[in-house]
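Letters A, B, C and D mark the chains in the order given here, with residues in each chain numbered from 1 onward.
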Amino acid sequence: MSDTAFKPLDRNGIAARIARDIPEGWFVNLGIGIPTGVSDFVPEGREVIFHAENGVIGIGPAPAPDQVNPHLVNAGVTPITLRTGGAYMHHADSFAIARGGHLDLCVLGAFEVAENGDIANWARSPNEPVKQVGGAMDLAVGAQRLWVAMEHNTKGNGESRIRRVCSYPLTAKGVVRRVYTDLAVLDVTPDGFVVLDMIPGLTFEALQARTEAPLRRMPG
Amino acid sequence: MSDTAFKPLDRNGIAARIARDIPEGWFVNLGIGIPTGVSDFVPEGREVIFHAENGVIGIGPAPAPDQVNPHLVNAGVTPITLRTGGAYMHHADSFAIARGGHLDLCVLGAFEVAENGDIANWARSPNEPVKQVGGAMDLAVGAQRLWVAMEHNTKGNGESRIRRVCSYPLTAKGVVRRVYTDLAVLDVTPDGFVVLDMIPGLTFEALQARTEAPLRRMPG
Amino acid sequence: MINKFVSTLNEAMEDLENGATVLLAGFGPGTPEHLVQGLIASGVRDLTLVANAGGRDDGPIAELLATERVRKIICSFVRPASVAARLFTAGKLELEIVPQGTLAERIRAAGAGIQAFYTPTAADTLLAEGRETRVINGRNCLLEYPIHGDVALIDAWQADRWGNLTHKDSARNFNPIMAMAAKRTIVQTSHVVELGELPPAHIHTPGVFVQRVLHVPA
Amino acid sequence: MINKFVSTLNEAMEDLENGATVLLAGFGPGTPEHLVQGLIASGVRDLTLVANAGGRDDGPIAELLATERVRKIICSFVRPASVAARLFTAGKLELEIVPQGTLAERIRAAGAGIQAFYTPTAADTLLAEGRETRVINGRNCLLEYPIHGDVALIDAWQADRWGNLTHKDSARNFNPIMAMAAKRTIVQTSHVVELGELPPAHIHTPGVFVQRVLHVPA
């Protein structure tokens, strides 16, 4: 297989690909990392309502540098704006939205996703001091559907993040519905990963070669 | 004993007696019946903040008939006013105040109170169709202290409502701190009922004669 | 463009199903009376009704119960003189009595994704008979489960096209929490406002909890 | 006349005790930085700190942790480059990691008198190891207990003499729920208003949850 036959998406490319699939009227939470960029690619006229777990529903575009409101940030503590129609609430009410099944979609970054829908995104080992849980465990089990946005392979040795079984500590079990990578879009099904879409120039075989878990073609 | 030697308090008299004992700054919930009248007897200048479990904190005096706000009632669904500084909230937040230990005092009516602090105030038998629980069970276990306001004896056959053991279904166990009746003020202590106060002309013996539970004099 | 407004009561009540659990907000004020009329007119039956009280001899809840299309009522309070008390006595209505604070908390739990909780309220009473209790920090507590609605009928003061709501004074009561707890939340509002007219810090029920809004001028 | 205002930081922090559990609100904005300075200056030690995150290398939480007077931190997030991570690695800080939503809900539970609750969050993770779980409606759930504070340090935008508060935009975050959950709630507010100036339908934290308020102009 030739690596020159296709060009992996960059992080914005993944975000834009996800934005295409979000219909008007959905309530959506975007995790930190690649997912945060998704809102930039939703067309102006399509009303998608973005939620931040720190008590904001209806996030607008990023403020101009001289328009920053010091009292208004997203879950990554980055300045945001509020869209017309948005609302503020406290943390427990905000997580009631996330945990109570009121979000149509949550998009999270991850280290790994397994073919049964397991996701690992908060720690690379049980013993390290850094425990970046945040709101991911709440969102992963609480949203109506969970999509993951990540690079298909690790930067270092190119290992597959799409796995039979996660090797890192889990964030939640059996919750991922779809994975968007720089190479492909994969649905998690009872029969494992099904390839919905690939980047131009990539073949199924080349994708499988980069993927630890077995892949299936879209039926039909 | 001569019944002409003393004059039992009327319902307003009981309410007024209770009002005397509520210091400035307390947050207080008043049950339906005699307790509702208590707020009328708190002197104008003494800031006591009354809570209604349907989402009002800071109840003001009753409105003039032509000043009734149809959107503003207390837990008895009676029109009220809001005092300057008062606030509205939803039912779960309002009961968070009641159940979370934030009320200094709740005053409830009752059918019976027992010497261990049990209170019965919602049903006269387990089988009757009428079950007037409302918020009493929440308030009884949630408030910092529970006082009861009631007539000392039943209207019909003059039976004592102050009892060794309650005969009616319980609202809560071991929660009453003090009882205000038309005859006396009784503290519930580990040693049973202690008489704090009696109406003028009533003797300890005459009070005991009207009371099923044993009474003790104030020590000292 | 998101637009949750519907034009008619029929449209508001569309697709109600027999056997549904209906959360009915209100505590005196805040009762969506027009929507209750719609529920009655829809003819759906075998309902479970969740409301603070069983109502009186007249008023929206009494009228609904009198149709005998409610199989069970979950409430904190049944009055002696009421349609509810008579139907219960006649064996025509199941009754689940829940302390008012526990009722509010069970509804909120449904909206917030809490699967069960322990509360000392009612733990030592008849209402706890045969049920699971546990002593936590020396207090006897009763295990309570969320109350989910298929439908919530909600009253609002103001609403915008996203379904953001405000409620007037003590008419707020059960409205925000019942709106959270149902699969389909139907609102009657006294006032319609433009998107952005409600200050974002002062919205009592955000539109994420609302599916349909009907304008019913007061 | 009820008046919860205090004039000085010393007065605001009076009677803090060693071994206290301190709820510290804030998520970026909404952190009561002045009160944290007061906590540091008070010299109390052996604290349990409850906050969303373990902070960074600078900022109020880092400064507090650097005094080594915090025995344990309960939070949802510890950054790699932070005082918290280094103290933990050095065995000088206990760490309890709680998912952010569970953290918020445990704090609310303390304020609302809920003695424990079941949530699916974290039930199938390392954080559940050795703890009580139960399957409810087919979902594995973890039993969680309330987090009570001895003291809560709160930021507000406006406050009146009864302790009624508003919070600005997303600076609201943990402030209303932490105010509910502590025996003593201490507030720093940017603005002082007259009683009655805050519309009763728009108070974010009612004064029933507040003990002391210090005016700290922004």
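To be clear about the criterion, a residue touches a chain if its C-beta (ideal position, glycine included) is under 8 Å from a C-beta of that chain, and two chains touch if they have at least 3 such contacts.
Keep in mind that what you see is a predicted model, and the values were worked out from it rather than measured.
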- Note on the structure: Neighbour overlap between chain B and chain C returns D
- Task: Between A-D and B-D, name the chain pair that shares the greater number of C-beta pairs in contact.
- Result: A-D
- Query: If you average the Cα atoms of chain A and of chain D to get two centres, how far apart are those centres in Å?
  - Reply: 29
- Item | Intercentroid distance (Cα basis), chain C paired with chain A, Å | 35
- Query: At what distance in angstrom does the C-alpha mean of chain D lie from that of chain C?
  - Reply: 32
- Sites on chain B at which at least two other chains make contact: 82, 88-89, 92, 95, 98-99, 142
- Message: Among all residues of chain D, which ones touch two or more of the remaining chains?
- Response: 105, 108, 112-114, 119-120, 168-169, 172, 200-201, 204
- Query: Which of the chains are touching one another, listed as pairs?
  - Reply: A-C, A-D, B-C, B-D, C-D
- Message: For the complex, give me every residue of chain D touching chain B.
- Response: 1-2, 108, 110-114, 160, 162, 164, 180, 195-196, 198, 200-201, 203, 206-209
- Message: Which residues of chain D touch chain A once you look at their complex with the stated criterion?
- Response: 27-30, 52-53, 76-80, 85-86, 88-89, 95, 97-102, 104-105, 107-108, 119-127, 140, 157, 167-177, 204
- chain D residues within the chain C interface of the complex: 105, 109, 112-120, 136-137, 139, 141, 145, 166, 168-169, 172, 199-202, 204
- Note on the structure: Note: in the complex, chain A contacts chain D through residues 52-56, 69-73, 77, 82, 88-92, 94-95, 98-99, 123, 126, 129-139, 141-142, 169-173
- Contacts from chain B onto chain D in the complex sit at residues 24-25, 27, 45, 47, 49, 51, 57-58, 82, 84-89, 92, 95-103, 142
